[in-house]
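The letters A, B, C, D, E, F, G and H name the chains in turn, as written, and every chain counts its residues from 1.
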Amino acid sequence: MSYDRLTIDNAAVLLVDHQTGLSNGVQDQSVPEYLTAVTGLVKLAKAFKLPTVITTSAADGPNWPILPIIRQTLPDAPLVHRPGEINAWDNAEFVASVEKTGRKKLIVAGVSTEVCVAFVALSAIKAGYDVYAVIDASGTWNKLVQEVAVARMAQAGVKPITWAAVGAELQADWRNPSGQDLGHIMGEHLPFYGNLFASFQAVKS
Amino acid sequence: MSYDRLTIDNAAVLLVDHQTGLSNGVQDQSVPEYLTAVTGLVKLAKAFKLPTVITTSAADGPNWPILPIIRQTLPDAPLVHRPGEINAWDNAEFVASVEKTGRKKLIVAGVSTEVCVAFVALSAIKAGYDVYAVIDASGTWNKLVQEVAVARMAQAGVKPITWAAVGAELQADWRNPSGQDLGHIMGEHLPFYGNLFASFQAVKS
Amino acid sequence: MSYDRLTIDNAAVLLVDHQTGLSNGVQDQSVPEYLTAVTGLVKLAKAFKLPTVITTSAADGPNWPILPIIRQTLPDAPLVHRPGEINAWDNAEFVASVEKTGRKKLIVAGVSTEVCVAFVALSAIKAGYDVYAVIDASGTWNKLVQEVAVARMAQAGVKPITWAAVGAELQADWRNPSGQDLGHIMGEHLPFYGNLFASFQAVKS
Amino acid sequence: MSYDRLTIDNAAVLLVDHQTGLSNGVQDQSVPEYLTAVTGLVKLAKAFKLPTVITTSAADGPNWPILPIIRQTLPDAPLVHRPGEINAWDNAEFVASVEKTGRKKLIVAGVSTEVCVAFVALSAIKAGYDVYAVIDASGTWNKLVQEVAVARMAQAGVKPITWAAVGAELQADWRNPSGQDLGHIMGEHLPFYGNLFASFQAVKS
Amino acid sequence: MSYDRLTIDNAAVLLVDHQTGLSNGVQDQSVPEYLTAVTGLVKLAKAFKLPTVITTSAADGPNWPILPIIRQTLPDAPLVHRPGEINAWDNAEFVASVEKTGRKKLIVAGVSTEVCVAFVALSAIKAGYDVYAVIDASGTWNKLVQEVAVARMAQAGVKPITWAAVGAELQADWRNPSGQDLGHIMGEHLPFYGNLFASFQAVKS
Amino acid sequence: MSYDRLTIDNAAVLLVDHQTGLSNGVQDQSVPEYLTAVTGLVKLAKAFKLPTVITTSAADGPNWPILPIIRQTLPDAPLVHRPGEINAWDNAEFVASVEKTGRKKLIVAGVSTEVCVAFVALSAIKAGYDVYAVIDASGTWNKLVQEVAVARMAQAGVKPITWAAVGAELQADWRNPSGQDLGHIMGEHLPFYGNLFASFQAVKS
Amino acid sequence: MSYDRLTIDNAAVLLVDHQTGLSNGVQDQSVPEYLTAVTGLVKLAKAFKLPTVITTSAADGPNWPILPIIRQTLPDAPLVHRPGEINAWDNAEFVASVEKTGRKKLIVAGVSTEVCVAFVALSAIKAGYDVYAVIDASGTWNKLVQEVAVARMAQAGVKPITWAAVGAELQADWRNPSGQDLGHIMGEHLPFYGNLFASFQAVKS
Amino acid sequence: MSYDRLTIDNAAVLLVDHQTGLSNGVQDQSVPEYLTAVTGLVKLAKAFKLPTVITTSAADGPNWPILPIIRQTLPDAPLVHRPGEINAWDNAEFVASVEKTGRKKLIVAGVSTEVCVAFVALSAIKAGYDVYAVIDASGTWNKLVQEVAVARMAQAGVKPITWAAVGAELQADWRNPSGQDLGHIMGEHLPFYGNLFASFQAVKS
């Protein structure tokens, strides 16, 4: 597996079923940790202007609507409401949206990790994409399910990653234009980092 | 490893030594978590009409009988009492029962994960099957043993999975006929999901 | 603190805000462990014919309705929908229902432990009741909150307890009439115990 | 210990050494959990217009400045920079500020729990106050230190509590004027609750 | 609470329901840790010639017989099979056996901690005894139940202790006659200590 | 329990059986955490010139010698080798050494927490001293034993504390003469604090 | 990786540096869990008459002698004291002893997992052997080191396994001659299994 | 993957962003465990005279300076301050420094594991180096991020390792000249080992 990097020109983001009902089932991390990671990833998508496809399942039913923070941050991203397909890759509109991004590297996150993320990731690998599963911006019912999902995806060639690593790989150099934006995002969603910034600010002023 | 999916036409379920005595040794999960996962898997087998083979070891001895929920849910599945073979694959009747299913994808669960599940899984891989080990519907003596068993099986090409992912992959689309059944099973055995259903029900009524 | 026991003649049960929405925020135990304990307690209330008062908060709002298992098991228990009071003890109808039970020992459970349970428990202590807080049939947002809630209640004289201990103290002797009922409840909701029963059944038959 | 409740008329908040440097030493909770609890508590102080006293230690030195969220939310609260006293109660200006609030119930949080919180709490108990230590809006170096600090304070009559319980006890009834504010605070800082709100919002609209 | 020590002349041991079936439900410790602690305590009882009373519940039923190591180590201790009383203190033969020891300090262990141990401990406190609950030589279904049981007993004045502390308090001085016996017991059941002994032995020889 | 503070004039330190063999049995914390806490406490004793009494048990036997860091830091402290007494308070020379300090507040640490620390602490309470048990500068075989030991001591009026809280309470004000020493000790043994210092140093230079 | 099984004719056991000093540094499992697994493996080696090679490092120095249980159980196994080689495979006598067994499958355990076990395992793989690393009958300083060691070995083709899986794979069929021996070993070192046996024994008698 | 060992002639060390600010964000281990591992690795680099390259990011900004222990121990190692590149491999001076070592095996550690370590490691693999990632001498924000980072690197062929295994593999034989140095380093930074040494010393003297 050669190290062919994520860049702002080769990557797209897929957000699968981050819905308010499903999110309350997440127990492989604490809810604050899960939500801060999801929000961090969504803000990265905006800051780096990455093409993003959002999809939901049963959003009018018990899974409830997409997390408000996602829709507010990315109001123009295509949002595909799937009428029944569990694997979003089985939905033609979703796949067309992905293809339309023109990107061959897919950054996937969602709820739950072992179903909504893993199925899309495995299908995308089969379709020839290079796939990154963002484990902390995804969630599932307990730690064991997370571990098994990561093992299954890694075995199939999906690359496990976390949201801050996605941001750092895309930024590449702090001097690139998005540097300040990324600083703010990390300062807010890696809170220890926000503390470092605030400390430093105090020194300079 | 290409992503060739589990379907209701290509998969069979093997339940290995889920006996009442052995089940009381399970400590890699809490007992309620283990039992709810086993029950979920067994109900999936019934809902999807998957051919299922059950086997026990020393069921008249200290391992005690099969969990009642298994026999009650799947009264017609072949039940092979092994006279001594630890690896069920060494028992001709068991292998014949598996072959008779005509399926090439085997969903294996049991107690203990590192013996009863791993041995069958490794033997089935060798015999040319595509094998899925359902880690949460299996159990063993402590977390370390579970981790080592998953690592050994993954290294050999067995796919680690969890019961709800099996259900979702088989269902494929919520509009398929088994959708309502699956909803009930998930509502009962992923209890946060049952809460979502009940909340939604309240809105609609 | 003298050991004055819970009996079927001196105890009542208070179930506070076990609603489907709130229950999905419970993370101090796994959801299966929480739900099996709540169900166990509710069945005890029925088996021992303990007067029981149920109350909800914002049941038409985001907290959602009472857990179905509670209403199904105890269809005739008074159910007080509080219009706004967070501490159920501030609701006159609730207190009247409690007084009407005529019991001086109150077994309290609910969601969340540090608010809905603790406030009622502390108020009841102040009103002269002997109060038991059933920690495993209650739930809250994380383990730290649970620990702090138990410490606060214990400091004030509330007795921390768990659902199976409630059952055992009420039963007192397995030969009392409710013995078989309790056996079934424990067999189902302390699942290792169900396994022991099933093993024993196999021997006898 | 009688249950004499926290009200918006009898309580004041003391925030002790929540500084950006010290906050990066907090490891008894994850940093996101700690920060969301601190922010929740500070917003409660504002919403309920509780008199609040803030203090820092070595804020021009390695402990760094107060968390920005605190100063931004409560710009008018007295802020006492202690020149050297470790126990804020040894600083006359701090004690005067506390006395000036006219409140006899003190809600204390800070970093670290076993020093900055415990020393103030124990001194305030000695001075005749009723003291609540908010454990999740405080932080320290590891779980063991937290446990020992809670044990020491509880033994001396300090009441351990968490930020959401403070909010609920002050609110008392959701129909009181601050109800909507509290709803927003809880929705944002108990994120599972925010998900419930957003789900409910979707139903109503 | 004055520190009035356990001695070989003032203490008796009560072993409540350490049965092979119930022991397989123990999950607040690992099974090897639980069993090594029980065995250590039983050997202490023998080494210090402490009067010991053993009792079982439903030993002919699903709880199964007393742990073999207990009967083998203490073959002459009175063994009271209770016909139905859950709290052993309700059984006249048991109480008579305790009274016959003539001791006023009772060292209690058993399964489960919150029922079999706590009920006896609370009853014995009420009857005027000084009671020690040996938490590691007892066991229950999960860590939460253990924590709640310890909190309830401590609140009522029962002293929580562990088996090795019992041994050390009884021994008092390594030069007392039982010193060598205790050394062997600790070497075997606190295994790190056995390693120290073996290391030292190697130096001396 | 009134808050009567530890000062450099009213406190003495007792170090009980911190021997190299026994220290390798400590598993309630990681070994680096245990050792850094012990070293921190010993350096505090030196920095604050607190009278200190050291004692060992079987130091020529399998418990091995006192930790070198203790002897090197406090070469002149009386060191009482007990010939057999498990509770150091049973050794006349030890008690005489304690009395000779003329202090009525005793800061006790050692291995193991539930024996060597608890027995001395309980005896000292009985003898009229005010006793602080430093839990992180003590160690024992597993977390459960630690929890039980803290519960037993707290119940008897021993104050649980941690080494850094001891240092902070003795220092009282950073401007007192020992301030710089304490800064160095905390910088080295609360390593996150050392990082803050080094960061600050970088700014100033 | 084909599943070519361990048998009593193709396997040898290598025990590397299970010394009394080193064993007291084991913290990736509790000491009772580690010791019961080591003892189980050693008894398997005896019961199945597997050729076994034992080796030590600095046995006359601070690592101390081999665990007594190993020497007592396998008094005739070659014991190679290495004068300095850390990787036992660098010692000609050790390699010669391994070759002399004539076996091509090596079951390796020792302390520490990431050094003594991993180095031998990686060297043996390079030398053409099929290697199994018994993770629970090995030990190291903390869980992180264990995880990293397993990952490194698995990556290189070493098969991770646990002691009971080794026993089950070698036994193959409970009716083989060693069946009763294995039953006793498992009954003693998987204690929940011993409880099952004892329960069953009670039924039959 | 053949086992081609690390030697003092084929390996270099890369230390990436072990800065005082970033280090305070480390929470996948306790801070004392992290710091003792970093220090151990740095001392190994000195003892084995391994060519070492140090690099920092934003060292004049919020990440703060390199840990003092690193600079003090390796004052002559090249230190590359990167002006903005997140992946040190993107900095020509850094790569030139690595190439100048002439070594083909790179031992990489840093903060954070999933960014600073993983990016360098993956780039170095691509550039044809054999790469070892020292997980305990690296650190990141929580355990989940560590697990994902190890999985990603292992998948790409980076070898996960820990600092003590690096030391042992380089030393190869305790009789090699660096033996005594290594003994001291291990004695100080694997503290249980220091206890063994001190115990042994006591015997010999």
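As a working rule, a residue touches a chain if its C-beta (ideal position, glycine included) is under 8 Å from a C-beta of that chain, and two chains touch if they have at least 3 such contacts.
Here's who's who by UniProt: A, B, C, D, E, F, G, H = Isochorismatase-like domain-containing protein.
Note that the coordinates shown come from a computational prediction; the quantities given were computed from them, not determined experimentally.
**Student:** Enumerate, in label order, the chains that touch chain C and chain G alike.
**Tutor:** A chain counts here if it touches both chain C and chain G, which gives B, E.
**Student:** Through how few touching steps can chain D be joined to chain G?
**Tutor:** When the steps are counted carefully, the minimum from chain D to chain G is 2.
**Student:** Let me spell it out: compute each chain's centre from its C-alpha atoms, then which one is farthest from chain D's centre?
**Tutor:** Ranked by distance of C-alpha centres from chain D, the top chain is G.
**Student:** Please work out which of D-H and A-D is bridged by more C-beta pairs in contact, and write that pair.
**Tutor:** A-D
**Student:** At the place where copies chain E and chain F touch, is the share of residue numbers found on both sides over half (same) or under half (different)?
**Tutor:** Different, since most residue numbers here occur in only one copy.
**Student:** How big is the gap, in whole Å, between where the Cα atoms of chain A centre and where those of chain H centre?
**Tutor:** It comes to 30 Å between the two C-alpha centres.
**Student:** Can you check how far apart chain A and chain C are, centre to centre, with Cα atoms defining each centre and the answer in Å?
**Tutor:** Using C-alpha averages as centres, the distance is 40 Å.
**Student:** Would you kindly tell me how far, in whole Å, the mean C-alpha position of chain H lies from that of chain C?
**Tutor:** Going by mean C-alpha positions, chain C sits 53 Å from chain H.
**Student:** What whole-Å value do you get for the distance between chain A and chain F if each is reduced to the mean of its CA atoms?
**Tutor:** 48
**Student:** Hey, what residues on chain A touch two or more of the other chains?
**Tutor:** As it turns out, chain A has residues touching two or more other chains at 21, 24-25, 27, 30-31, 33, 64, 141-142, 147, 192, 196, 199.
**Student:** Tell me, which pairs of chains are in touch?
**Tutor:** Here the touching pairs of chains are A-B, A-C, A-D, A-H, B-C, B-E, B-G, C-D, C-E, D-F, D-H, E-F, E-G, F-G, F-H, G-H.
**Student:** Which residues of chain B touch chain G in their complex?
**Tutor:** Interface residues on the chain B side: 21-22, 24-25, 57-58, 61-64, 83-87, 90, 112, 114-115, 118-119, 122-123, 125-126, 141-142, 144-145, 147-149, 151-152, 155-157.
**Student:** With touch defined as at the start, can you tell me which chain B residues reach chain E in the complex?
**Tutor:** Touching chain E: residues 24-25, 27, 30-31, 141-142 of chain B.
**Student:** Going by the contact rule at the top, pick out the chain G residues touching chain B in the complex.
**Tutor:** Touch residues, chain G against chain B: 1-3, 28-29, 33, 135-136, 146-147, 150, 154, 157, 159-162, 164-165, 168-169, 171-176, 179, 190, 192-193, 196-197, 199-200.
**Student:** Quick one: in the complex, what on chain G touches chain E?
**Tutor:** 20-21, 23-24, 30-33, 35-36, 64-65, 67-68, 191-192, 195-196, 198-199, 202
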